[in-house]
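Data block below; observations after.
Which chain is which? They are A, B, C and D, in the order written, and residues in each are numbered from 1.
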Amino acid sequence: MPDLGRDYRIIGFLCNWCSYGGADAAGVARFNQPTDLRIIRVPCSGRVDPMFVAKALLSGADGVLVSGCHPRDCHYTEGNLYARRRLELLRRFLPIIGIDEGRFEYVWVSASEGSRWRDMVTKFTDKIHSLGHIPRMAETARTLCALEGMLGASSAQPDMWHADASGRQPRHDALLHMDDYKEVMDGE
Amino acid sequence: MRIGVMVCHAAREFPDVVFATDHMYACSDPGQGTIEQTIRSLKLDGVVVASCSPRMHEVTFRRAVERAGLNRYMFEMANIREHVAWISLDRKRNTEKATDLVRMAVEKLRHNRPLTAKSFEVQKRVLIIGAGVAGIQAALDCAEGGLDVILVERRQSIGGVMSKLDKTFPTVDCSVCVLGPKMVDVGQHPRITLLALSEVEELSGYVGNFEVKIRKKSAFVDWTKCTGCGACLEKCPSKKVRDSHNEGITTTTAITIPFPQAIPKRAAIDPAVCLHFTKGKCGVCKKVCPADAIDYDMQDEIVTEKVGAVIAATGLDLFDHRKCGEYGGGRYPDVITSLQYERMLSASGPTAGHIKRPSDGTEPKTVVFISCVGSRDRSVDRPYCSNFCCMYTAKQAILTRDHIPDSRAYVFYMDIRATGKGYEEFVRRAQEEYEVQYIRGRVAQIYPTTGEDGNQLMVRGADTLLGTQVEIKADLVVLAVGAESAHGAPALAEKLRISYDAYGFFLESHPKLRPVETNTVGVFLAGACQAPKDIPASVAQASAAAGKVLALLSKDKLESDPQIAQVQTMRCIGCGKCERTCPFGAIRMRELRDGSKRAEVVETVCQGCGICSVTCPVRAIQLAHFTDSQLLAEVNALCRTWDETTES
Amino acid sequence: MASNSSASDSPDRIKTLRAKIASELPNVDFVLGYGRGFDPLHATPVTVRTEKDLDRLIFDPTCVQNLATSLYGLRGKRLGVVVKGCDSRSIVQLLQERLWERENLVVFGLPCEGVIDLAKLRVTMDIASVKAVRFEGSVRDGKVVLTLPEGERELPSAGLLADKCLRCQHPNPLVSDHLIGPEIEPQGAQDTYADLAALEKLSTQERFDFWKRQMGRCIRCYACRNACPLCVCKHVCLADSREPHWLSAEATLQEKWLFQVMHALHLAGRCTECGECQRSCPMGIPILLLKRMMNRELKELFNYQAGVSLEAVPPLHTFLMEEDRIKDRGLLW
Amino acid sequence: MSAAPSNPLTLAYYPGCSQTGTAAEYDRSSRACCAALGVELVDVPDWTCCGSTPAHTVDHFLAGALAARNLLQAELAGHDRVTTPCPSCLAALRTASHHLAEAPAENGAPQDSGPNYRAEVERLLDRPAPLRATAVSVLQVLTEDVGVEAIASAVTRPLTGLRVAPYYGCIMNRPPGLMQFDDPENPTAMDRVLEACGATVVDYPFKTECCGAAFGMPRLDIMQRLSARLLDMAASCGVDAIVVACPLCQMNLDLRRGQVNAFSHSQGGTHHAMPVPYFTQLLGLALGLPESGLGLDKLVLPLGPALTAARAREDERIARTQAELAAKAARKNGTSANGNGSKENTPCA
């Protein structure tokens, strides 16, 4: 069973006109829901930058749920239709960097669909619980910086002058590459 | 920065937070007073109120903050009621979640900037869609209030459902006699432009400055010439056309004026049935028209109007009882709908007020009414109550006993919902004075009788009060069909950018406090397009909507919402992607002196969706009040908490 | 056809190129081309302003750079540029996005059989010791002769071809004012995304660990960004911006990782897989994979490939009311 | 056993217990009709009782397991559709697959609503039940897979003149959410099949009324009253036969006719002699199948007289029509036409 003591870290981006209203409607109807979700209100799903999702997931969010108006029903006519393309692409992209595709979902919930919202939240939260916490980065921002400060040196610098796992020598080509453009820039 | 946090009875550790308190009802007058006082005494720069949904009270609190001398956008709400307290009973988790939500609001507020509204001119004109009793009432009220009204009706005449009714309940007034004078007023009012046989094609713009494209469908009759004399109707050879004004219980001609009181009283041709169009060989109406008004080549016309506000009053349609096999599914001619019965009862209707069985034209002696056909019935996906059927059924039962004194009337009902003024008394009169037999129970089956009395209908049902089955041999069965949203309502909602529920009824902004507004500023609702309503409720809502419009357009200038896109010109690379994706055409490219280009937002046109912000590769265009930094602050507020909680 | 154009260093072709450039010199501020770099294995961009610069021009399989990278920074000028087939896609993309005006650009297009990836050579020898290089025959089935201190050494040049050349479908420039040399048949294999498939075979956790290790090595030098022909925001890059403040200066894994995701997201529907980002990475991080993932999914979703059409509408700047290949997300539950 | 079916219309066939006993003629005629119309039926290997009414009145899980076992047997034999003539078996099979589809696939924690249906059924079966197979009625297969047009074109001996009342019973289409077939209040599938057979189908108002079902045992009076109503109505519609699709309805209306008539007599009602064939029997006749293979002899009230009466009526009608035509022609020509020239094939052998 998932950790019952503490909420998972789930962020929701909800459009103001439909889904935020739907979430309100679910509350007004006193539909019992998991508490894990923290909702950020945005005007439109078209405002949801896929980078917000990436940022959240890379900063330790266990799941991100975006919800907007149903297609054809957007308060701004087209916002959710742009969002659908952007978010679908992101959804398909995330697995390659090792983030389970179940951790990000986008759905359509209208302001009148309180019970649908409850279902969405419940199912998404269940899904995240079944996936467990997202893998953590080894060092969090502060510990690493603290460590660097303590050592007074750049310990975070990778071992750039040592061979990597493949046994390949590190490359210095890029430094030369920068030289490549020296002349062009000097020309200006 | 100095931030105050007020928690409505429903945390000082946050950065910049210098004051935190709680209050029993923050939105109340003393609650708002406390907020104002605190801002002044502690010289706060911003306020977070943790209470209900911002969709509910954001405007209220912004005003309070403004009264205390702060910019109204230096305010944030944490929704700890609908999103926390009301969805879970787990105190510990709720507290943690509420704390997080407040933290997020505080972090966002730290990135808020004062925003100032710009003002813009408004069109003092209103578009009203639908000219049933609600649309008519709204049009007259707005016009009397000094606004120019564009009234669009998709049918040939205004009047809507009410013009089809014989009598109204509970007064048993003649419906069209009450409505008729109002229809005439609409036709004659100098401020009302009536566009019948027309539909809204497209709505663009924003509150105060909408632009609407209206399709005036071709009537194939020049209405500037037509006098409504009716000569063409008499001579038209195709006489078997379904008469929709009379709900199909009689037929009409291909060129028609729907009813004597029609406004505008003009003829129109239905090209789907007219022989000239279907067979290409008739031209009778053109020959007989004394005004030379017939024009077979007439085309649809698109007219464009500028208006400041819109009232949707598109009314309702009725449930199609053919979905109900237990009532014959449309197989039995003597099972009719309540509106068909209404036409029959009407003195100006096709039977001149005589009740006749459609099958053989005889007068029925036993009439059975069945309530809730297509209402309160989940099996046909109509779980809602249609509001007025109980009452019109009582009225029709009374009229039946009036018209045919030796008749018997039975009503099968589930519950009687008679909540209006004088309604319960009216139902009582039907039961006691007119001896209408009310049977509490559903009808299981209707089937034609056979044998000697083989032309009747057997109505089998349950009497749940007696706990027995009942069978009634009826001559006529009237189905109290429920209300549905008008066909095409969802498509219109999409054009108006308003929401609608699962059944196609338009969604009001708040069910209690903003019942005539929609979520699109400047678009209002009147009548049964919002939910099934009877005449007084529709008229009341229409007047309410008109009042809202009059208040809105009483100002010469409106303030624009400053939550719109803003370009950081220094960072813009002039690629123009925002211009291409803006749904409103609110971004244009401005050329600088060096020939390079920068994006520029047309402030009154921008609606604040933020699509551009995500499109911009540099994120140089930012949506004020929902900037990347503000949203990131919320994300970071959460992630940081989590870091701390996992490390500790 | 392919066989005749074998001599990559063909004296005829370089002569034609020089002549064509000479003919255009009066019409442009200068022309960007390739010259010999600090050693025989490296080419370097050169600017041709006058006829006397013409002699410095070369073209052979060491001319790996995508000269389109320099274009955006030189806006306002009228330029000539020498491009290979793959580089021309960057030009198409810049023109499509209206980041450069066609009338201010003279394109000298060179059909190209492929360039060599020095990383592949470095595995077998110390490339600093190479004194001279000679390509014999076609770069696809000929050989490269290297003069080393210990004598000459021959290698089949096919083994040194850059990965992008192995799957090249556009050896001929898609846009050019002067096409130098005959067009050649595409010889690249169909892209099967085998590299992505290999990564996808790993578990989610393993993939995460893979990138964690890779991203941990990033030194945030932004060479990848600077080498990208379509990263036109350079001086106002979101990675350096304080408002909005997407990335902090903290050298944490999250920041590095987010930057690479950001780079991939910004290039969605734009990246032509010229590979300059990965080639320029001093740490050898396989960041092109992220862009290839994006491209594979874009192709699958919208049947779209960047940099092949001037008229195409980028898939993220438009939509369909009914998306054929996107399932209704509401129904998945 | 599980050879890939070459015929796209190959289905697993679940006979059900009644069809091996009192309703053997339903089984026989269903098989014969399906074979004639190109539907290949493969018996569910080692099938057992579906649970019928007794099981689900006692234990829902046991009822589910009994039905699910048969579906699994069919699935293991490579079928994803099982057809059965009996509406009661159909209801049991469909209920089980419906509940299993709703239950979570993995054997998770117990649901709020009591023990996990799937877990409990799988425990009773001693094996997992990853059911995909669904059940459909023979009537549905004939109307949806074969199609009424195909049936009409396969009819060789149309039942012209035979007036029939189609009687579906309570559960062929109900509950609608479970059965997903035809209109629950006014079904027409059997009407259409019988029309395709050339019969005259009357609009029988009691199509879906109850016949008394299993009340024949505990409360005979109820069954007598309800079945008598059905017969009265059919008689007043002037039909030659009530056509059924359910073995229990058939038994009440046919085998128990004496009891029903006795009740009718006691109420001063009429004596009814109309036969109650299965629709598959009439379909078989129309398709020209041999009578012996349709089990007509198993009907208590013989079908023969009804067919004879219909034929006689039809002959009479034809004769009358011809006479009228002849008279009309005679009036036109002024002469009297001679000879009957009735070479038109007589319907309904």
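Heads up, the rule we're going with is that a residue touches a chain if its C-beta (ideal position, glycine included) is under 8 Å from a C-beta of that chain, and two chains touch if they have at least 3 such contacts.
In this text, all values refer to a predicted model and were calculated from it rather than measured experimentally.
A.B. asks: A-B versus B-C: which has more C-beta pairs touching?
C.D. replies: Taking the two pairs in turn, the one with more contacts turns out to be A-B.
A.B. asks: List the centre-to-centre spacing of chain A and chain D in whole Å, with centres computed as mean CA coordinates.
C.D. replies: 58
A.B. asks: As a quick test, compute the distance in whole Å between the mean CA positions of chain A and chain B.
C.D. replies: Averaging C-alpha atoms per chain gives centres 38 Å apart.
A.B. asks: Quick check: how many Å separate the C-alpha centres of chain B and chain D?
C.D. replies: The separation of the two C-alpha centroids amounts to 48 Å.
A.B. asks: In chain A, which residues are in touch with two or more of the other chains?
C.D. replies: 50, 55, 59, 72, 78, 82, 86, 140-141
A.B. asks: Would you give the residues of chain C that are in contact with at least 2 other chains, written as numbers and ranges?
C.D. replies: Chain C, residues with two or more chain partners: 246, 316.
A.B. asks: Which label fits the chain touch graph of this model best, line, ring, star, complete or other?
C.D. replies: Per interface graph, the chains form some other shape.
A.B. asks: So which chains actually touch one another? I want all the pairs, not just one.
C.D. replies: Pairs flagged as touching, ordered by label: A-B, A-C, B-C, B-D.
A.B. asks: Inside the complex, what are the residues of chain C that reach chain A?
C.D. replies: Touching chain A from chain C are residues 30, 32, 37-38, 42, 44-47, 65, 69-70, 74, 118-119, 122-123, 196, 199-200, 204-213, 216-219, 221, 223, 226-227, 246, 248, 250-255, 257-258, 261-262, 264-265, 268, 279-284, 289-290, 293-294, 297-298, 300-302, 315-316, 319-321, 323, 326, 328-330, 333.
A.B. asks: Along chain C, where are the residues that touch chain B in the complex?
C.D. replies: Within the complex, chain C contacts chain B at residues 75-76, 97-99, 232-233, 236-238, 241, 243-246, 266, 316-317.
A.B. asks: Taking the touch rule as given, give the residues of chain A at its contact with chain B in the complex, in rising order.
C.D. replies: Contact set of chain A toward chain B: 6-7, 9, 11, 16-18, 20-21, 23-24, 26-28, 30-35, 38-44, 46-50, 52, 55-56, 59-61, 69, 72-79, 82, 86, 110-113, 136, 140-143.
A.B. asks: Contact residues on chain A for chain C in the complex?
C.D. replies: Touch list, chain A to chain C: 50-51, 54-55, 58-59, 70-72, 78, 81-82, 84-86, 88-90, 92-93, 95-100, 105-109, 116, 119-120, 123, 135, 137-141, 144-145, 148, 154, 156-160, 164-165, 168-181, 183-184, 187-188.
A.B. asks: Chain B touches which residues of chain D in the complex?
C.D. replies: It is residues 176, 183-186, 203, 205-206, 209, 233, 236-237 of chain D that touch chain B.
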